[in-house]
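Next up, some structures in structure tokens.
Both complexes shown next keep chain A, but they swap its partner, so chain B is in the first and chain C is in the second.
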Partner chain A sequence: MYLTEVKEWDIVKKQFRYKLKSYFGVFNSMMAIQLLAILFSFNGTGMSGGSSGTLDYEVHYFTNDIIQVFTMIWAFISAIIITTKAYRYDDYAFVTNRKVSHYSNFLFLFSASMFAGVTVYLSTHLFKVLTHMLVDQSSIMVDSMTITEFMTGTGASAMYIFLFATAGYFVGMLTQFNKIFSILLPVVFIGALILDGLTGNPTLLINAATFFGSETSFIFFLIKVLGVSFIFLLGSMGISNQMEVSK
Partner chain B sequence: MNAVVCNELIKQYGSYKAINELSFTFTENKITGLIGRNGAGKTTLLKIIAGYLLPSSGEVRVFGERPFNNLNVSAHTIFIDNEMSFSNGLTLFELLETAGSFYPNWDRGLAHRLFSYFSFNPNQYHGNLSKGMRSTFNMIIGLSSRCPLTIFDEPTSGMDSPTRNDFYRALLKEYIAHPRTIILSSHLLEEVEDLLEDILLINSGEKYLHMGIEDLKQHAVGVRGEAETVTRWISGIQPIHVQEMGAGMTYAVIENERSKKELEEARILGLEIAPVSAEKLCSYLTKQSRGGIDDVFNRG
Partner chain C sequence: MNMLMMFLPILIILLLIAGMGTLMVRASRRRRVSPKKWRRMIIGYIIILLLAAILSYSVLPENAEVVKTLSSNEMKQIESEQMKWMEAAHSGKLKDLEGVYTSKKSWSFPYDDSKLDITYLGEGAAYVMIFVEEISKGDDVIEAVHYTGNVFIDGLDMTEKKSSAQLELKGNILSLKAPDLASVNITKFSNGFPFQQFSGKKNGLFSSERPSMGAGRDFILLKVPEGVEVNGHTNYVRAE
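Take a look at the complex of A and B:
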């Protein structure tokens, strides 16, 4: 009947392009959060010292862990934000359906995570420079990385961010599906941690962290992260399939 | 070819039926007015047609397809109302360009001409516009997208009267140059009746009338005269509307089924017969309760 049949992938690309522009605000908040994380990082993550005779020394350890963690939290929250009505209905001003809307959101979250992963790496440099300038000490030693280390390091950083983004997207969709989840999810999460801790030997978070963190092969790590993200995304699509657009 | 077909459509919220067993057909390339009082179910119906809401039961087809969550229908339908949500990350100009990339029939020239005619600032944001300007901008998107099914839900709310007239004129010119199916919902029938070809009158989610505007204008006649004479003359049929005029006079509206001879007799009896405007007729038909607003104040 139609003169022009619509190609789904075509519209996904258009929505994605539209979202890169319209969701640009999330990158502003990312910058603010990374600057804050750099500020917190000045505290250092560890310190040791000693003295012998006239010699006194202190060793401070600085890492970009805080920047990475803050960026992961940022990804989680930003993903929740884009599931809220105000953002979801922006799609419906133009051509879309649920599937297209999800696909373009996934693309957006993925590219935002990649971008965030690179900025974590770059902000580490800013942090190093600032430490040189501000921390009043004689010499600072810096680990240098090879190209492959840089690639896997930044890749892993981006993958962790993407994992948190998809988790946030799923949580956001659950909450949009039924407001009760906005109470239920924190209760279940914190309740599980408390129950887990009652035994005196908490394992829940540790297991979750080792599942990803102790993976030595980058490829397997990639498969694990993408697999779990994929489950989150599939879940989000399943939940929202019958959701209406009522303003 | 039918643009929109509804069959026994029901939309239920809890026990409340916003749309109640509505069946109708809109043929292609016509301007239909969806008329009804506040809360009659106009917006709900339009959102179902646009594919935003899922009907509780019954069937709705837009160009032969079910509209809910349907990409094809979304690409060929545009739903314009004053709650349209546009991203605040894009300027008005960028929004126009984005809309142009989505709609295959988009008329870029028209969009830009209308944009500068209504003196929009290209660098402004949609969220910062006044209510009337926002409606005007949405209307530009609606007209320029040239969608085979264009739905305007109360498009003129907030517009000042010159802008409203400009809009009606632009709509008509566009429609003549590029015919398409247009649904225009309004509660100001008088303003839009010159544009419309068909009217669908709904009240509390139910269909009251679906006919051509010319037929509607002929549909009823008003009879004015002494109460007793009027009552006798219309005896046996249920009047659409009866109103006391004071001083023993009554005004009644009945369906226009009387023969010429009968009308002639009425004149001899001293009754005044006059046509009833479409707007008045619709408001008589959808009267919420017997009597009118006057009864609220008549406590004696």
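Take a look at the complex of A and C:
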């Protein structure tokens, strides 16, 4: 019997609130990376041209793909950073255990991903306005977007970021478990890509990306992303249980 | 070595992002910049993004066209309708053109001769077909309309950008000059891949299909008074 009963969920909420304030630098790095991505996007993502008898055309393509990809990499790296000792030991300022710490980290990653998803969409407008001012083209065309496309697009953008964040969290936990993984994982990843490329028929990245990217139903896509993220969470929790206790 | 060079840009970008991210997060932890300043920076960034979104929605549409990209199926349907019309025209049936072909220009020439010769001027004029229809009623007037088929570039309808053919009547010779070559230089903002994945325009994220349709055929529909004998480069003459 204790004087104060501690509820697990209350501590998760407290830690989550604390992390939102304490990890604020994560959002500043996101801002810097998105601005860098906008700069990189000015070059365009492609160009095509041709002639169809009576019409000679040249099309310069601009998309927010670079902003999206950079933000996904940012999420991956930020998630690795919050698994480092300095961040993990912050949690012991509260009455806590590892499970609670993981839950609050996942809540933080989820909310950060949602925020990042919205800023990706908004930064596309900043990119459009800047391109409009700086690029001299005869006609500018903007793809129309329905409300449903906007909702599913922003949601999918945030989900892709969350997927990378949870993958980063898992990789971070692996690295914390044994430092050898910090060398082994990049070597295996890049080595596998090179070997895959050497075969002339790359399948590794394609298969992984097709699993999410070829999904045309938003609900199934959501299930896939959340399912894989859940596996990463379980994996991270499993790894941290094998780690020695903090002193 | 080549393989390494291929991965080099990706590695540089990854290192750049990793470096920037780590530095900024660490800097915020070491409190070199006060949390208030960090917060102000983020709030400022969000305000800039919101202002850009408002600008993009309010100012851009005045200078940029918000276009609906057609799906490959929609384009195939338009193409199929135009093909059907063309097949019917070649077999003597001029169906209703409304909604099938786009009219670019129309002419009306007063005419009271009994013979009409059609000639092509310059290269490329033969590309434009001529269908002649005899009309029994009306005045002694030759009516001509230039119709053009749709041209799509990456799902964008570019038919409006095409130039019109030129027709000139001198005596009893009607001369046709091909449309001038129109040039378009387009800056196209497409929604990013998460937005396109569920839009139905693509078959998922990795569809490399860039829907575009070949040159839409151009033709002149000529309506001549009954009894006028038409000679020259015509594709079909039909009496009403």
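Simple rule for what comes next: the second predicted complex is superposed on the first by the 231 of 247 C-alpha atoms of A that agree within 3 Å, B and C clash if a C-alpha of one lies under 4 Å from a C-alpha of the other, contacts with A are read in each partner's own complex, and residues count from 1 in each chain.
As a working rule, a residue touches a chain if its C-beta (ideal position, glycine included) is under 8 Å from a C-beta of that chain, and two chains touch if they have at least 3 such contacts.
What you see is a predicted model; the values in this text were computed from it and never measured.
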Which of chain B and chain C A:T152 touches, first, second, both or neither: second
Chain B versus chain C as contact partner of A:E215, first or second or both or neither: second
Which superposed partner A:S144 touches (first chain B, second chain C, both, neither): second
Touched partner set for A:L55, first chain B, second chain C, both or neither: second
First (chain B), second (chain C), both or neither touched by A:N241: first
Which of chain B and chain C A:K14 touches, first, second, both or neither: first
Which partner reaches more residues of chain A (counting touched residues only), chain B or chain C: C
Touching partner for A:N201 - first (chain B), second (chain C), both, neither: neither
Chain B and chain C footprints on chain A, overlapping residues: 21, 23-25, 86
Chain A partner contacts - residues on chain B that touch it in the complex: 1, 47, 51-54, 63-64, 69-72, 74-76, 83-90, 94, 98-99, 101-104, 148
Parts of chain C lying in touch with chain A, wherever the complex brings them together: 3, 6-7, 13-14, 16-18, 20-29, 35, 38-39, 41-42, 45-46, 48-50, 52-53, 55-57, 59-61, 63-69, 124, 127, 148, 151, 153-154, 156, 158, 161-163, 178-200, 203-206, 210, 214-215, 218
Contact footprint of chain B on chain A as seen in their complex: 1-2, 4-6, 8, 11, 14, 17-18, 21-25, 86, 89-90, 92-100, 241-242, 244-247
Complex contacts: residues of chain A adjacent to chain C: 21, 23-29, 31-33, 36, 48, 51-65, 67-68, 70, 73-74, 77-78, 81, 86, 119-120, 122-126, 128-129, 131-132, 135, 137-145, 149-150, 152-154, 156-157, 159-160, 190, 193-194, 197-198, 206, 209-210, 212-218, 221
